[in-house]
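Below are two complexes that have chain A in common, paired first with chain B and then with chain C.
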Partner chain A sequence: MTDLLINGVVIGVLIALVALGFALTFSILKFINFAHTDLITVGGYLAYSCGRLKLSVVPSVIVATVLTGLLGVVIERLAYRPLRGQRLSMFLSSFGVSILLNSSITLCFGSTSRTLPIAQDAVRVAGRTLASAEVIALCLFLVLLPLSWFIFRKTQYGLAARAISENWDGVALLGIPCDRLVSCVFFVSSGLAALAGILLGSLYSLSPQMGHKYGIWAFVLVVVAGFGSIFGIATTGLFAGLLITAVMYCFGSYTFVNAVLFGILTIVLLVRPDGLFGMRLRRF
Partner chain B sequence: MTSRTKVFAAAVAVVAGLGLLIAVLRLGTGRSDTVRIGSILVLSGNYKSQGEQIRDGQTIAMDEINARSRIKLDIVFRDSEGEKEISLRNVKDMQSQGVNFIGEIFGSTEALHCLPFIRQQNMLFISGVDTGASLSAAGGKHFFRIMPSDRLASQHLAAIATARGYKKAAIVFANDVWGKGLKDEMEAEYKRLGGETTLVLDTVKNQDLFQPLVARLKADRPTVTFLFLYARDAANFVKEARRQGIQTEFMGTDNLTGSEFADVGEDAASGVMYVVPGPPTASDRRLHFQQLYKAKFGASSEPPLFATHGYDTVHVLWEAIEASGRDVPRVISYLEQVHYDGASGPIAFDRNHELVVSEYRLKAFRRSGGQTTVEDLGPIGR
Partner chain C sequence: MQLLAHITAHLIIYSALVLSLSFAVSKVNIWSVGHLGFFGIGSVCAAALLATQPTLYTFPCTVLVAATAGALLSALLGFATLRLKQDFFVILSLAFSEVVLGVCISWKGPAGFNNLARPTVLGISLEDDWVFIGVVLLPFFIAAGAVFVRFSRMRIDRVCALIQANEELAMVLGVSPLYYKVGCFCLASATASVWGALATIYARSTDPNQISIESNLLLFSALLFGGLNSLRGSILGGLLLVVVPSLLEATLSYSPFGGNYAAEFRQLLMGCLLIVVVRWMPKGLVGATTLNHSRGGR
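And now, the complex of A and B:
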């Protein structure tokens, strides 16, 4: 049972990492960046490519994370910035970017699943055998989520980022470089997606569609938690991971997972349209 | 009429006359000298290795036929991407181009989706790999197969499992036409032979999250676990099971025969067993095919099962076409009576157009020094 709990927590952590990236971009630009799901995949495949180029594990992870972060910045600059303020157009543009990224990955690597040989060693923790990737995921969760909360709630950068979402022109008049701030947020959120992709690829396998499944789960999580709460995302993420594990264990079936998750999403939206911890959705 | 117009009119008349002559000559021979057969395989994605195996076998058969026959064979290969709608679109496209014979539609789900159209258009489909139990009823007289149905496979699998003393089983299956059909047949047959299925776990194709299902399996402690998963998924499932230290025997059917299970499963594949139809010794035809396969692909090992079945599918269909022309009803009648000595064994069909099987054998993967081999554990008595 302990293994099952650990497994649920790890899944929850990974979904929360992806969801955090979703929430960061939404909190500033007020649109769902659907291409975020494919940045998960890009991160995984970049780490895979680094491995093929004989880079060791740590440089591979750093290079893949930074490159994916930069890709996120480029995407924002080319595909979203010209459409800024038109949320529907930005959303549709993110679909286009998603298809472009997915097709590019398939063209470059084929559609066959691949193994990402990173952090696959077993480690003993409190008498339990865990994959290194599981331990790394838990550590990242414990570091990154409080750090994100601190940056966005307690620093001037975070204050400026939140202010941009309320009154872009007003913040710009104060001399704050809004575009650069948005680029920073995209860099961070894309980097988080890359880290999640690397860990997912290591724990399971890499495939061009891998990001979509976890991306959609993360999207459900963000909506259920509410878009504005980092700790809400963390808490709901852990709950979602445990729920997915419990559903699969109890029903002996993968088929029920999406039914249960989307059922909960529907109920939450009916009862609390703003999410369990979030700011008011209807304003957006 | 000017002289220039006269020359132009004469030229048009000559061209038209030549065209008419060619058309009459073609009508005189009755048809072109090429027969086209459609083959819709998975040639991309996670399961392309199995599609490529079938294509390899069929290509060898085509080359062999074209080397000796005046009428040429052209196999039109299409990629279904493992999607039933793409498969159907390909069948319709081929039918519109005059292709009436389908030499493969890879995957029972895809085949089942295409069979109503095939029946409606009076086409003929012969499969070397599709095992879904419901295909025969769906295809009627327009469907033959040289791979036994899941019903037969599950009977032999249940027989060998109970004979080995495995009386408590778990079934892990892909929740689609093929997997569910096999699961249903297996549950019924295993129960009939005195076994008890205590756990049934379902998955979807290309699933990668197995830990909770494996934990459930671990808690249930079955003596045997039947794997009705696609090769890659089965390999990942077994890997996770080995990681969690589960003590159970794993058994499957032809789903584990491709290279993918052994390649992905690596050390975890060792000890996994499966049942397949086939003769104990190699026939002359089989040895001949082995030589051709090795010559063409430079392979050091035996040709995989799907390549052998692809080879046989083309040959048995070609024999029927050669003997009875290109008229679909006559080809069907011929196949109903055929006795063909194939590379995979003797081929004859019962009244449901199912393969008459003489023997099933139990095989097991063995891993040593980083290499995976297959050990023949002998015939299965029923």
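And now, the complex of A and C:
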């Protein structure tokens, strides 16, 4: 039972990291970046490639995270920036980028699942044996979410990023480099997706479709929580992880996980369109 | 000849599917990206009926059950979710398609139903592929095209145009946008379900992989490439989905990659096309309307 509980918390924590990236880009540009789901996969496969090049664990994770972050910046520059202001076109363009990334990964690595031998050694924590990746996931969650909250609520950069979503031209007139700030947000959100992808690949397996599965769960999570609340994303993430594990344990299939999650999403959207935490903490 | 019949049948099926999606997108601005979910529902309904009682369920009965299932589920989904923001609806429709995919896989495994018998129509045996195309697929496609063209000349089309242009004005004039949207969505989804049933009867089997997220995105790319609100655009979209992969496979078989990577190269091509179409060709190749851009963050 405790193992199931830990498993649920770890899944929830990793989905919350992906969801945070979703929420960051949405809160600034007001569009759903569907390609974010494939950046999870890209991060995992880049770490796998670094491992094949005989890089050790820490450099592999750093290189994969930074490269995925840079890829996110390049995607924003080439596919989204020319379409700014056209929310639907940006959304459709993100579909194109998603297809492109997914097929490129399948062409490079094949469609079979692979294991990512990173952080798989066992660690003893409070009398229980956990995989290192599980401990790292929990530590990242405890560090990165409060850090994101601090940056977006308490620093000048966070204030500027929030202001951009309200009035782009006004912020630009104040001399703040809006484009550079948007690139930074894409770098951070893509890096978060890569970190989640590496840990998910290490705990489960790598496959070209993994990003879509976890990415759509993350999207459900961020909508249920409300796009503007980091605290809401964290809380709902933990709850969602436990729910996914419970449904998997009871029914033994992802089918029912999707059905339950989307049922909850539909109900929440109908009752509280701003999400469960969207009214109280509407913005970062 | 067998290959030609196979390509022709798939071209008709996918062109009709793109046409039904085009109807939902261009008439009432419903971005049903998970449209293949309804195709899957029709496919599974037909397969389940034909697998259990092949002699009891005739061709019209199978098609009718598939259409009813598609219409009922789309009405439920529509009333529950169509009042949401457009991009939220897109993700929900994709999610719906994923649930259908999951149900299909849990029911009969990844291989789906196999060895189904083709029912007869008015005493005519449909065992020959060309007979099936001539007696079933072509008349159904002509009927779907005629309904699409006729709809564009009816008063209801102008009401739909009003709803797209200004929902508040439509409500002031006593029109309920939700009912029109759900009605058109039901029609498009029921049509997709019928084509799912016809595809299953033609192939004598089901393939759950046809309704994956990747396939849904490819279908939507094909629609945008061909162009919205256009019968010719839908046929071009169908060509892109059916003929281009065959050509790619034939071309790649002479390259160092071999023909095995045709599906991946097709995806790569579609991804590039979608980005190009959205940025430089908002009308697609022969579309009658452009993408309906909604203003958002800069």
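The rule is short, and it goes like this: the second predicted complex is superposed on the first by the 274 of 284 C-alpha atoms of A that agree within 3 Å, B and C clash if a C-alpha of one lies under 4 Å from a C-alpha of the other, contacts with A are read in each partner's own complex, and residues count from 1 in each chain.
As a working rule, a contact is a pair of C-beta atoms (placed from the backbone, for glycine too) under 8 Å apart; a residue touches a chain by one contact, two chains touch by 3 or more.
Treat the numbers as computed from the prediction; the structure is a model and nothing was measured.
In this superposed model built on chain A, chain B and chain C take up the same space, so to speak, and clash. In the superposition on chain A, contact of A:Thr266 is made with chain C only, not with chain B. Judged by the touch definition given at the top, the superposed model places A:Met248 against chain B, while chain C stays out of reach.
When both complexes are overlaid on chain A, the residue A:Val220 reaches chain C alone and has no touch with chain B. When the two structures are aligned on the shared chain, A:Leu92 is found in touch with chain C, with no touch to chain B.
Of the two partner chains, chain B is the only one that A:Ser207 touches; chain C does not reach it. After overlaying the two complexes on the shared chain, residue contacts for A:Phe31 are found with chain C alone; chain B is out of touch. When the two complexes are superposed, the chain touching more residues of chain A, out of chain B and chain C, is C. Judged by the touch definition given at the top, the superposed model places A:Asn7 against chain B, while chain C stays out of reach. Contacts of A:Leu140 after superposition on the shared chain: neither chain B nor chain C is touched. Once both structures are laid onto chain A, the chain B stretch out of 39-47, 93-101 or 237-245 that overlaps chain C is 93-101. Within chain A, the residues touching chain B in one complex and chain C in the other are 209, 253-255.
The touching residues of chain B, when paired with chain A in their complex, are 44-46, 48, 175, 199-204, 206-209, 211-213, 215-216, 232, 236, 244. Considering their complex, residues 31, 33, 80-81, 84, 86-88, 90-92, 94-96, 98-99, 102-103, 105-106, 212-214, 217-218, 220-221, 224, 261, 264-265, 267-268, 270-275, 278-279, 282, 291-298 of chain C touch chain A. Taken together, the chain A residues at the contact with chain C in this complex read 28-32, 79, 82-93, 95-104, 106-107, 164-165, 168-169, 209, 212, 216, 219-220, 223, 253-256, 258-259, 261-262, 265-266, 269-270, 273. Those residues of chain A whose C-beta lies close enough to touch chain B in the complex are 3-4, 7-8, 11, 110-113, 204-205, 207, 209-210, 244-246, 248-249, 252-255.
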